[in-house]
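One chain, chain A, appears in both complexes that follow, with chain B as partner in the first and chain C in the second.
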Partner chain A sequence: MAFYVDIRRCIGCRSCEVACERVHGGRGHVQVHFVGDSASVPLFCHHCEEASCATACSFGALFKEGERTAFDVEKCTGCGLCSLACPFGVVWTDKIAHKCDLCDGRPEPTCVATCPADALSTDFDLLARRARSRAARAAAQGGRR
Partner chain B sequence: MIRVDPSLCIGCLSCSNVCPSQNILRTETVEERRIRWKRCREECDLCVELCPARALTLVPIDESAPEPEVSFPLVGCRICGRRYAPEPMLRRVEAALPKSQSPEWVWDCPACRRRAEAERTTGEMVAARRRRRG
Partner chain C sequence: MTKVLVPTVCPYCGAGCGFFVAVERERAVGIEYMPDHPVGEGALCSKGNASLEILHHQERLTSPLKRKGDGWAKMTWDEAIGLVARGIGEAIREDGPDKVAFLASSKCTNEENYLIQKLARLLGTPHIDNCARLCHAPSVVGLNRSLGAAGMTNPIPDVANSRCIFIIGSNLAENHPVISRWVHRAKDAGAVVIVADPRATPTSWMADIFLQLTPGTDVALLNGIAHQIIKEGLMDREYIAERTRGFEEFEESIREFTPEKAAEITGVPAEEIIRAARAYASSPASTILYSMGITQHTTGTENVQAVSNLALITGQIGRPGTGVMPLRGQNNVQGACDMGALAEFYPGYRRADDPGTIEFFSAAWEAPALPTSPGLTATEMIGAAASGDIRAMYIVGEDPANSDPSSLSVKSALEALDFLVVQDIFMTATAQAADVVLPAAAWAEKEGSFTNTERRVQWSSKAVEPPGSALPDLEIICMVARSLGLDFDYPDAASVLAEINRTVPQYAGITRERLAKEGGLVWPCPSCDHPGTPILHSSGFRLADGRAYIVPVPYRPAAEGQSPEYPFLLTTGRIALHHNAGSMTRRSPSLIGRAPDLFVEINPADAEKLGIGDGDLVDVSTERGVAQAAARLTEGMKRGVVFMPFHFPGTNILTTEAADPEARIPEFKVSACRIARRN
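And then the complex of A and B:
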């Protein structure tokens, strides 16, 4: 399972950030970024197919497990190589790595369950449907989006 | 005690993180990272085992040997200039990643990578809003 962001819906409230921190002992794995004064976007691990973080880790603490890039805290030495390898800057280290575990053991990713604007979803089709209806609406209004 | 091969050490601080007796000291300024191995007397080789660069060995204690110390200047980010990592760590990561990915991002600090990603993902949307506002 992965999850997806509909950036048009993100209102920059940082609820996902706080929710992730709450369930991970104060160290969250999402960071909401603001671009200019009109856009916000939550940044988190993409669970890359070819995960650079896992390639860089010498101890197998990061590894692919199905779609997920999983993390085994017992194996981590906090060397920080994963943080330097991730192209998106979304794995942090301070004596230990902190990375999205897709809320392993919970029924749903906490950030997805929390987002009040419905910007996050585990359902790619839902987002695709929304994008199509937006496009249809725009076409009906004379091509303006 | 611990012997260090400074030509192998990449300055990652694994050893210092895993040492249960705080025998491996680190100091970091904005410019450099410094690591010092105290004369360790423990029956333990965790740091030796968990050094990703295999830079450490366990040797008999020698009171006259100075405590080993290494220091690394931190490399400045290509974008913002902030110093963020020892060069050997960056070189190791760059070498580990597939060439096909041309991993130049290694030379940008993680904060600038996030900023770039935020701009990339919102770019189209922001441009559309601007057009709409005319």
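And then the complex of A and C:
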């Protein structure tokens, strides 16, 4: 299970950041970035199919486990190669590596559950449907939306 | 160790999201979401997620305090209540009850607000108000007049059923974030979103049509839209004939108000005004959401009236997906008003100057000598404190020293009082001026009902004990009342709600037992078998002949305009990470860490002329004073207008006391100012 963002919906409220921090003992794994004054987007681990962080990790601390990129804190040496390897800048190293764990043990990631604007979802098909219907409307109206 | 999940209502905005506080060993250890909640569906904004940070906060007030020299001395509750009774009692005996004023709190429960206003009125003073005066007093006055009820007409989730959503003077994406999920749901189904605001905000990101008007020109914009609707015959003639009165005078009053004239005043291109008029009037279901960008003006009541005029001439009210939706700012500002913590209304919006009201409450409270006229409003009380007409004040959970306009003069007014009691959870700037400070319980440390912006009454349970010897406001009010010789025998919130069921018709069927259900009940709920009324006005209005009133509103400019000395218009508002005067959010590490400083937004072209770069420290000055802020350059700001959030003490030093003549709300949204880079 991974989760996805509908950037059309993100309102930049940073609720995902605060919620993630709250359930991870003060260390969050989401960062909301602002694109000028016109949009915002939460950045978080995509649990890549071919995870460069896992490839880079010489100690087996980061590894693929089904769809997710898992992390074994016991094996982490804090070398920081994973942070350098991540193309999205969402693996951080501060003594050890920190990244999204999909809120292991919870029914869904906390950021997804808390997003006020419903911008985050684990349902890829839902987001794809929304995007397609937006595109269809834009085409029908001959405009950019 | 077992974890217990206690259902509570979020202490921040008026959306009324619910969540569970997880309690372990008598400490609040976490939050669990409430996926079945009707408003938020489990979602919480950043403030909701951070709310537990204030429960066990080290700066919480834990003991009653009295002033001792320049500092404070702790005292027992017995001593504290004795001091309060003596201070208030002496003022009443020596100067008369009308020299004493009470401020109730839109953060307290319905039961607590009911008791505070009852205490004030039983003591004989008409001066009771709450900070609704600073946010939605014009909605109370304006909507009561035009629609016969002063609440949001439709539920928040009903926004999803709308096909045109007109958001004016509200940055709901930051201030009521969960509402944006319903706006987006409507957009998914093809709804058009119109946003009118002097600044581009995350709310305007959702807009199909963005009307960037000059602050204080809302009536001109709304009249221009109405003119175009009538000109194109897009009004609902049948609805106007059957359900309203006043249309002819209204039509006459805006005959000259063409979109071109509106464009000249507002700075919004006429073609955009025409687009908005067509979208709003021709959609099968249109709703208007508004907030303090409409109300916080010297023309606040007129702005509200102009909003409801649009809904009435197009018949966009009384059905799913339609409505007039004032978004209230605090978790119980709706309830504080419903409970009569207002200068001009007894509980249930019974007018204070109506002899029938006095007769009813004299009988209900067995009190022969109730005050028979409207009292001073929240801001008038401060003026009266400065002039000596008010000698003692009892302020519960409000911080006028930060939240009122021209705040430097507020502080000196509070210091001029003979006696000031402040009851709060933190040592606020207002409490700093008090003689006695009483430590209160926060939302999760007590129980009671809260009414959200859509009139939904929800029960919030007690999760943990208050810190130290702090007590729920309800217990404190009862102790004070008893020490002043009143018979306040209320063992718990449920017993107060039972009295509210008898005295407030809208709440007659909203009993403690029925509130046990998640999601609560929506007033009016006149009897115990009534399901509540999510949509108002579906079968006429509670006014003469059941008709709503279309009121002509001429355009008047704001009290202050640009001048050579003060060439900019300062407008104020809120940001996602803070709440109101900030006494809670500025102490919440995960919020203040993300938004630590006061800033002023300015258009880059304006900044360049002044030699101001992004991040530069600037002095913003008005006739009232000077505040320091960091410049934030943004194209989203209209030229000639600057914006500051009011969560930091600096902002309200600058704002004007000029107020709406009827609703007495200050014009926080327009102050003439100048800006200079600090050397």
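One rule holds for everything that comes next: the second predicted complex is superposed on the first by the 140 of 145 C-alpha atoms of A that agree within 3 Å, B and C clash if a C-alpha of one lies under 4 Å from a C-alpha of the other, contacts with A are read in each partner's own complex, and residues count from 1 in each chain.
Quick note on the criterion: a residue touches a chain if its C-beta (ideal position, glycine included) is under 8 Å from a C-beta of that chain, and two chains touch if they have at least 3 such contacts.
What you see is a predicted model, and the numbers here were worked out from it, not measured in a lab.
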*Give one word, clash or fit, describing how chain B and chain C relate on chain A after superposing.*
fit
*For A:86, is the partner it touches chain B (first), chain C (second), both, or none of the two (neither)?*
first
_Just to be sure I read the superposition right, which of the two partners does A:126 touch: chain B = first, chain C = second, or both, or neither?_
neither
*Superposition-derived angle with apex at the Cα centre of chain A and sides reaching chain B and chain C, degrees in steps of 10*: 120
*Who does A:73 touch here: chain B (first), chain C (second), both, or neither?*
neither
*Please indicate which partner A:135 is in contact with in the superposed arrangement: first for chain B, second for chain C, both, or neither.*
neither
*On the superposed three-chain arrangement, identify whether chain B or chain C touches more chain A residues.*
B
*Counting only touches as set out at the top, which of chain B and chain C does A:50 meet: first, second, both, neither?*
first
*When the two structures are overlaid on chain A, which partner does A:38 contact: first (chain B), second (chain C), both, or neither?*
both
*Once the two complexes are aligned on their shared chain, state how close chain B comes to chain C by Cα atoms, in whole Å.*
8
*Check chain A for residues that touch chain B in one structure and chain C in the other, and list them.*
8, 36, 38-40, 145
_Show me the residue ranges of chain A that touch chain C in the complex, using the header's touch definition._
8-9, 11-15, 17-19, 21-23, 36-40, 113-118, 130, 133, 137, 145
*Contact residues on chain C for chain A in the complex?*
30-31, 33, 35, 40, 42-46, 48-50, 173-174, 177-178, 180-181, 184-185, 188, 190, 200, 202-203, 205-206, 208, 576-577, 590-591, 594, 634-636
*Within the complex, which stretch of chain B touches chain A?*
12-14, 17-18, 50, 52, 85, 89-90, 92-93, 96-98, 101, 103, 105-106, 109-115, 117-119, 121-123, 125-126, 128-129, 132
*Note which residues of chain A are touching chain B in the complex, please.*
5, 7-8, 31, 33-36, 38-41, 43, 50, 52, 55-56, 58-59, 77-81, 83-90, 92, 95-96, 144-145
